[in-house]
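These are the structures in question, set out in turn.
Two complexes come next, and they have one chain in common, chain A, joined by chain B in the first and chain C in the second.
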Partner chain A sequence: MLEIIQKIIFEVTGKSEVTIDTDFVRDLELNSFDVMNIVCAFEEYFQTTIPTRDVWKLHQVRDVIEYARERGLEE
Partner chain B sequence: MAEVTIYWYGPKRPSSRQCLVRCAALFSGESPEGAEASWPVEREERGKPFFPNHPQVHCSVTHSGDYWLGAFCTQQVGIDLQIHKPGRLAALSHRFFHPEEDRYLQRAGFADFYRVWAAKESFVKFSGEGIGGNFGRFSVAGQQGLLPEVDGLQLRFVPFRCDYTLCVCAREISSVLLLPGK
Partner chain C sequence: MKRVPLNKADYYETFPSYLDGISRKFGEKPAITYFTRAKEPVTASYAQVTQQALCAAHALKARGYAGKHLAIVAENCYDWLVAYLAIASAGAAAVCIDVEQSDENIRQMISQADAVGVFASDTYLPICRQTEEEAAAWDLFLLGESSKEQVSIQDLCREGQPLMEQKENRIDGLACDPAATASIVYTSGTTSLSKPVMLSHRAILYNAGDAIRDVDAGPRVFSSLPFYHSYGMTGAVLDTLVRGAELCINGDLKTMMRDLYLSQPDSMITVPLVVEMLYKQLWLSAEKEGKAKQLRSLLKMCRILKKLHLPWENKTLSDIRQKMVGSLHVIVSGGAHLEKKICEDFELFGIQILQGYGITECAPMVSTNGNKYCKMGSVGLVLDHYQVKIVEDEIWVKGTSLMNGYYKQPQQTKEVMTEDGWFKTGDLGYLDKDGFLYITGRKKNLIVFKNGKKVSPEKLEEQLLKIPMVKEVMVYGAANGSSADTVVVAASIYPDPELSKGMSSYEILEHLQSKIDQLNATLPLFQQIQMITIRDQEFTKTASKKIKRHTV
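Then we have the complex of A and B:
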């Protein structure tokens, strides 16, 4: 799952220094536009929809991995 | 009437917090040196900064591409800067915008995408609720195109750099001053 997320982030933002502890805003300095682009790419890849209210709870890569695991999203 | 002052910093700048307090001091006619001590910063629930020791100074901050900008006013204010860069514009519009905005952008070939984006963000930054609130529940576009105000709040586009869109949101904007940070 980490590799998929790294791939999506790289494709959308060009950022490659991504680990499980990476914080989207603090470490990658992403703004709302970047985050929403990543959300769209994630939704396309997994053929799912993340409720907007949930998007802003996903601060770090580990949050996304946990979110995907809880919802049974498979690579 | 709202007189808005916007300070900007380019890529070589202090930390975001330092930019904020230096600009707050400048806005208040003080020296930016040593501003960290006299301008403590706190944040609202959704992250909008405020100055507990200076409740008369309102601010909103944004960063995109190479730039950090802070808007300062004696009234509530919201600001958003967005660099134009490739993205899933149609998907973003459909997914996160109001249906009226999505229809408008589809008709216009998404030429105004960044204006819609910056207008919406400045609007939600005005209130401090941020994008997680009702981003898709209000529209900054109507049948005739972009609206100059929403719910009594003015949306003012400010020329900045090419490839960037900058929008300020406040009640009854009388002037907007754009200055470099120090």
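Then we have the complex of A and C:
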């Protein structure tokens, strides 16, 4: 899962140093548009919809992995 | 400077007369368009929007809501607008709730405004009926698809239709006092400091009329501004409808760009964050195609030609614009400062950027640049129904569209209003000889973000001081380096010397970071503290023991 997220983040923002602890805002200096663009790519990859209100709860890569696991999204 | 306004505006005194007026004038013309998930446009005409709003207004009136407060808790959607127009036309006040706030803040705002009913979308319905007490205090109405358990806004439209048809004139029985509060809007900022502003029918509708006097935004407008802010409601919705144009709406960052392309608008009403994002995208795609260097030289050449007053319009640049944003050629930007260079560059691409200035308490627009009367770097000319004067560098405003006051906060109202009716904005600025207004700073310690949102440093400091290791703290807006004036929230902390005894600065930082991560998890994205610095000395303070912010 981490690799997929790394790939998505790289494709959308060009940032490559992403680990499980990476914080989108603090470490990658992303703004709300960048975060949304990542979410859109993520939705497309997994053929799912993430409600906007849930997006703001995803601060770090680990939150995304946890979120995907809770919803049974498989690689 | 003698100025001849571009457009004639209709000024309505109350919401029922506004709905009746625009419906008679523009009837079957398209009013509101939105796009479904499958990218299909759905359009409602002036006749449809006004019919639905007035029917629902009659139903609300019959249910006894006139004079009461009804909150709207939802993301932007067509039903949001119908609910707002219906509430105001029923003689009730629409309480507009910022849905980016936490669940707890949302409920607090509803009760603070004494709302007796709530219109909520599916997403927010559970938040609005969490306790039995709340479920009993508020009548709930659904925005969106009808359901068996919940009365929806569309049910109210059906309920009100026969009531309306009994009347000789469809706004009979919906008389409102123009000075009565039609809407309660919260100022931007964190809840404890965010104040409920009461705006009257006349204040809002005159502001909408004033806003279009100098601005020609074309027949098709796009806006993704949230309706719960007065800028989104008055500045994008009501003023577009007052002149009979079509408004394409969106409220989701995820589909904003998609809908912008689908809309093919003449103009967009937005905040600096969006303008900057478009600018960034333009350069990104130029880089990707290996044409950035070429583009830079082309812009440089056009800039020189323009300076020399020679013809500078360039086909390559307008082709790039066409590819990027289609027919868009006017952007109205407000809510925060926009870098001058971006405005200048966009102009070379054939997109005029008109900056304006507003504040919720003023319904909200105070000044705006027009297509004809425009000075880059300024926030434009003062609107017709406002006067502005500068008192000790602070901008004071007086006129028809001022608020009725903060709801149930007479003391706070008194602090910002003078006895002879001037509102003290807290913003610093000046007027030039031609009457253009310029903003130079803020009197209050607010950090203003590119999306127009604000955060009060004091509120965040209060939260940070709850962390035992934090002895003193100052929160401020810091440039984050990605562009000259992009702001992030930073905190300068003086750790408690006793508690941090024997710890290295790295350990202190790590400890504080973990505590701040917990705090950040409860805050909206833009309010999160992104930078921490540790001080080894206490802050310099004033006689009253307040940190001297400007000397740090």
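The definition used in the following text is that the second predicted complex is superposed on the first by the 75 of 75 C-alpha atoms of A that agree within 3 Å, B and C clash if a C-alpha of one lies under 4 Å from a C-alpha of the other, contacts with A are read in each partner's own complex, and residues count from 1 in each chain.
The rule is simple: a contact is a pair of C-beta atoms (placed from the backbone, for glycine too) under 8 Å apart; a residue touches a chain by one contact, two chains touch by 3 or more.
All values derive from a computational prediction rather than experimental measurement.
When both complexes are overlaid on chain A, the residue A:56 reaches chain B and chain C alike. By the document's definition of touching, neither partner reaches A:48: not chain B, not chain C. In the superposition on chain A, A:19 makes contact with neither chain B nor chain C.
Using the contact criterion defined above for the overlaid structures, shared-chain residue A:33 touches chain B and also reaches chain C.
29, 31-33, 36, 39-40, 43, 52-53, 56 are the residues of chain A that lie in the contact sets of both chain B and chain C, per the superposition on chain A. Listed in rising order, the residues of chain B touching chain A in the complex are 62-64, 82, 87-88, 91-92, 95-96, 117, 121, 130-132, 135-136.
On the side of chain A, the complex with chain B involves touching residues 12, 29, 31-33, 36-37, 39-41, 43-44, 52-53, 55-56. Remark: chain A residues 23, 25-26, 29, 31-33, 35-36, 39-40, 43, 51-53, 56-57, 59 touch chain C in the complex. Residue ranges on chain C touching chain A, taken from their complex, read 75, 99-100, 123, 252-254, 273, 277, 450-451, 480-482, 486, 488, 517, 520-521, 524-526, 528, 530.
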